[in-house]
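Common to both upcoming complexes is subunit A, partnered first by subunit B, then by subunit C.
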Partner chain A sequence: MIRSLETAAAWLLAILWVLPLAYAFWTAFHPPEFATRFHLFAPLTLQNFVNAWDAAPFARYFVNTVLLVSLILATQLVLVTLAAYAFASYEFFGRDVMFALVLVQLMIMPDVLIVENYRTMAALDLTDTIPAIALPYMASAFGIFLLRQTFKTIPRELDEAARVEGAGSLRVLWEVYVPLARPVYIAYALVSVSYHWNNFLWPLIITNSVGSRPLTVGLQVFSSTDQGIDWSIITAATLMTSGPLLVAFLLFQRQFVQSFMRAGIK
Partner chain B sequence: MNRASAQAQIHGWLLLLPAAALLALFTHYPALATLWHSFYSSPKGGRPALWVGLDNYRGMVEDPVFWQVLGNNLWFAAGTIPVSIALALLMAVWVNGKIAGRGFLRLAYFTPTVLPMIAVANIWLFFYTPTYGLLEQFTVDLLGLPSHNWLGTKSTVLACLIVVTIWKEAGFFMIFYLAALQAIPPSLGEAAAIEGAGRWYYFRRVTFPLLMPTTLFVLVNAVINSFRLVDHIVVMTRGGPDNASSLLLYYIYDVGFKFWDSAYASTLTMVLLAILGTTALLQFGFLERRIHYR
Partner chain C sequence: MIDTSLKRLAALAAAALVALPAWAQEISFYYPVAVGGPITKIIDGLAADFEKENPGIKVKPIYSGTYQESIVKALTAHKSGEPPVVSVLLSTDMFTLIDEDAIAPWDTVATGADDQQWIKSFYPAFMQNSQTGGKTWGIPFQRSTVVLYWNKEAFKEAGLDPNRAPASWKEMVDYAQKLTKRDASGKVSQWGVQVPSSGFPYWLFQGFTTQNNVQLMNTSGDTTFYDNPAVIEALQFWVDLSGKHKVMPPGIIEWGTTPKDFFERKIAMMWTTTGNLTNVKANAKFDFGVAMLPAGKRRGTPTGGGNFYLFKKSTPQQQAAALKFVKWVTTPKRAAEWGIATGYVAVRPDAWDTPEMKKYVEGFPAAAVARDQLQYAVAELSTHDNQRVTKALNDGLQAALTGGKSPEAAMKESQREAERLLRSYRRK
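Moving on, here comes the complex of A and B:
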């Protein structure tokens, strides 16, 4: 009895949870006159997507976002790997202090330091560029922490065996540590890509033109100025910008969930 | 092999250097520069910034909008944190057990997490729209209640944003609980069943205490998020009406990038940094010691 009540409650909550999305799908795939009216046989259309695509430079925004996300991920992977390796397998003066200083970023994220980081970017003459969006996020405390924990679980003997055979520091890292941490890299990459694909406030502040705006900012500019209240087109644009991530998520649901789980266990 | 040799020292530092340099430039320096600039006036026109001591802080204390925004943020935190954590735990317990349609449930709960806040805010904006929106169609057309401008009324706007945030976050926190639940050995449950313990008793005395480290982790994340996430405000309300839905970071954005008063924005940022710093100290100093049994 209680079990079936629970099942019903779980389903009710799930339906509430997908309702806003289902609503957006309905509006985006039907002609504007059905945007807020529900008929089982309302005609389906892709016209809203066409209109949205034509109304703003979304192709450019997509390119910008892909560039941004790749730039951040590529740099993060390199920097985070090197730093985590240093913390996990070297003893150097000031290591613990440095580690504590790295962890500061878990609390004070670049997201809240917008005023000073803008000042820095202006001083470096980088405002309104894609690297300016990426720079504050390139050294990721979360990534360093995650990988350091992983590297620490790798048996010392493997490391020493490789060194006895004459491998240098970087070769040991590349041939022993990195391959063994592959699942953690995948988890970290998924978390990073979805975070930066979705990031908004800092890109909004630092970008100013079509040439550097990522999708999130482009969507905001589009829906606040160009469209008035044409909800059909706005929801189509909304689904379009989150589309690739949503499709990737639906296809690789299990990996996504497991990656987020892995990233969460410290 | 002596790892503490000079070579290990140099290698360690070289490996760390690139990440440390970027962290110093974009985390440590700006945090300190915020403090420094909060003692100066904003440069205006040809006039350079001048040392003004505590004037910015005095101005802040006398700024009614600051207090309003801080109050909003505390309400926002109080509204989002407990509910999203409780829901996350409930969801995790459900999808961890044997429930009909588990795959769909997990998908439904988690999907909001992967979508951009900016995009879902657009969807929710439409949802709340007077007359046309789904909510009004339900309350007015179906229930016959009077029409209400949910986002345009001071008394309801913050609650509307709280709902959106809970919806967005609960599934994310669920994942951490799910991971923790799967790490609990099933033998504990079997032992409890043999002893005749009910499910609620088992949850209260075994599962929940074992989940405490996860709860702490999720709690800290939820606190940070409640002061960090303002994307939906930009889309849905721009802090209005009359600052009723403005949060601290949104106000910093307004002051810093619409009024271009960078000194006052720095002063406000100091408050935000103090809140985040206190959270960190509480986590490491107090809570962590009480919760870890290992």
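Moving on, here comes the complex of A and C:
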């Protein structure tokens, strides 16, 4: 009885969750007349996608976004791994204070720091570049915290055994800690990629030209506030830009879900 | 978010990753995207044409999101020492930009023989939001007013003269009652009129207050009159459209989807911006009309939209180049072309005398309605600390429209909040 109730609740939630997406699909593939009307046999069209694609240089924006998220993720993985390793398995002066400082970063909304970050980028002569979008996010407090907790759960004996075999610190990290934390890495990578794929305000502010702007900023040409909203073209553009993420999630869904279960991120 | 050691690391990475951009005499130009269609391509075209005629100056348009996002971007860049040279921002942001010490008055660079003439060439209604303290801070560019659109077919069906829009509040209510269609169960298939109230209800509300012959703020932008009895009366009328007369959908009406409701015949009349003209012309599959807003004690509408601002931290050479560009883009011929392409009101009277504009108005007389309404137009609500003072009013309006508060209580509370915010600006 309780079991069937749970199943029903899960279905209900799933349907609620998928409704906006279903609406986006419906609207994107039909002419604008059917944006708010449902006819099973309404004519299908790809014209909305053509219009959306033509409204801005989306090919370039795709390249920029992919570059941006790979740059951020690659740097994050290196920095976060090294920092977490230090915090998890070394005793050094001021370790707990430093870790507390890292945690403080979790409490601060990045939006508050926009002016200060902009100043830094201006001082580095980096404004309007992809590294400028990426830099403030490279040292991820969330990532350090997450990995440190994971590394802490790895039995000390494995570490010591490896050292007895003659492995150096980095070798221990690479061959003991990193493989055991793989689910956490996958989960973290997913969170990071989807966050930066969708980030809008900071990229909008720090970039000026087509050469450095990501997809989200490219989508702004549809924000025609004076005229009202053309749902067909907006949904088409949204599906187009979030498509790669959706496809990736569907393909790797099993791995993602398992990683999340093991990593304990909800 | 990043500590100093990381900054140093970043500097190294930066040196490796990025070559320095080539230097050029260039004016950066922030442009908020507020209308749909190929608007960015029109702006790119304007910049390219200008560069062709003025070698030595490069205009770099930067599309900076909505108006709200654009001012965030402009002020962030200003505080970090890298502001744009020129930017289109809301005319109502004038006091905010002055308080932030971000902009310079155009008078400081417009010192040539014909420059004063140029500043005087715009419609006075648009200059109300562009000048304060005897200085000109904004040059009108994409400006609009509120107008009434009506569906002529719906008028015919309801037995009304399809070529005559309601001219007074009373007429609007009468018409709307005839236009509201209910089925047997009382479900409405077509509403008489729709005045949107999401996002920036104060702007449409200013139509009602102006028609009720009352101002919402003083010209120096440091006092509001939200709780004036005439303001409360105007709000009561707006609330009554759905509450008492039942001719408008109840609750908050979405700005963005109002034109769509109009195209789909869910509403017979709508209040919205003239900036929608090109959109409605392209998408309405029926004969429609455009009229001035109906009169209460008088006719009236606020103006709206964006002005050119000149940023203070740019060099004198850049400012001179910016002046040249802005003068070029607001010549009668280009103001006319811009108005035709976007639906915004061409900002100077002589733009309407150009052959292109005359031909356009002949084929599409609705385009001239906004111009004719300008004589009744007032400045859009704009004060110091504009975003918050306006929000105080928006919150009050929405509370009254959803029935959460009576118009009187809502406006008194909005006024108290505005008073609290503005008090310090009066002491200066």
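The definition used in the following text is that the second predicted complex is superposed on the first by the 215 of 266 C-alpha atoms of A that agree within 3 Å, B and C clash if a C-alpha of one lies under 4 Å from a C-alpha of the other, contacts with A are read in each partner's own complex, and residues count from 1 in each chain.
One rule holds in what follows: a contact is a pair of C-beta atoms (placed from the backbone, for glycine too) under 8 Å apart; a residue touches a chain by one contact, two chains touch by 3 or more.
As the structure is a computational prediction, the values presented were derived from the model and not from experiment.
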item	value
Subunit A residues touched - subunit C or subunit B, whichever exceeds	B
Touching partner for A:Q105 - first (subunit B), second (subunit C), both, neither	both
First (subunit B), second (subunit C), both or neither touched by A:A161	neither
First, second, both or neither for A:L113, with subunit B first and subunit C second	both
First (subunit B), second (subunit C), both or neither touched by A:S209	second
Partner chain(s) touched by A:T127 [first = subunit B, second = subunit C, both, neither]	second
Which superposed partner A:F249 touches (first subunit B, second subunit C, both, neither)	first
First, second, both or neither for A:V221, with subunit B first and subunit C second	second
Touched partner set for A:V50, first subunit B, second subunit C, both or neither	neither
Doubly contacted subunit A residues - partners subunit C and subunit B	35-36, 105, 108, 110, 113-115, 117-120, 135-136, 138-139, 201, 204-205, 220, 223-224, 229, 231
Interfacial residue positions of subunit C with respect to subunit A in the complex	1-2, 6-7, 10-11, 13-14, 17-18, 20-21, 28, 33-40, 60, 62-67, 69, 72-73, 76-77, 79-82, 144, 199, 255-260, 264, 272-273, 275-276, 279, 283, 305
Footprint of subunit A on subunit B - complex, ascending	1, 3-4, 8-9, 11-13, 15-16, 18-23, 25-31, 33-34, 37, 87, 90-91, 94-95, 99-101, 104-120, 122-124, 126-127, 129, 132-134, 137, 167, 171-172, 175-176, 178-180, 183, 217, 224, 227-228, 230-231, 234-235, 249, 252-253, 256-257, 262, 265-266, 269, 272-273, 276-277, 279-280
Partner subunit C, residues of subunit A touching it in the complex	32, 35-37, 55-56, 105, 108, 110, 113-115, 117-122, 124-129, 131, 135-139, 201, 204-205, 208-209, 217, 220-231, 233
Partner subunit B, residues of subunit A touching it in the complex	6-7, 10-11, 13-15, 17-21, 23-24, 27, 35-36, 78-80, 82-83, 85-87, 90-93, 95, 98, 101-102, 104-105, 107-120, 135-136, 138-139, 141, 144, 160, 163, 169, 194, 197-198, 200-201, 204-205, 215-216, 219-220, 223-224, 229, 231, 234-235, 238-239, 241-242, 245-246, 249-250, 253, 256-257, 260-262, 264-266
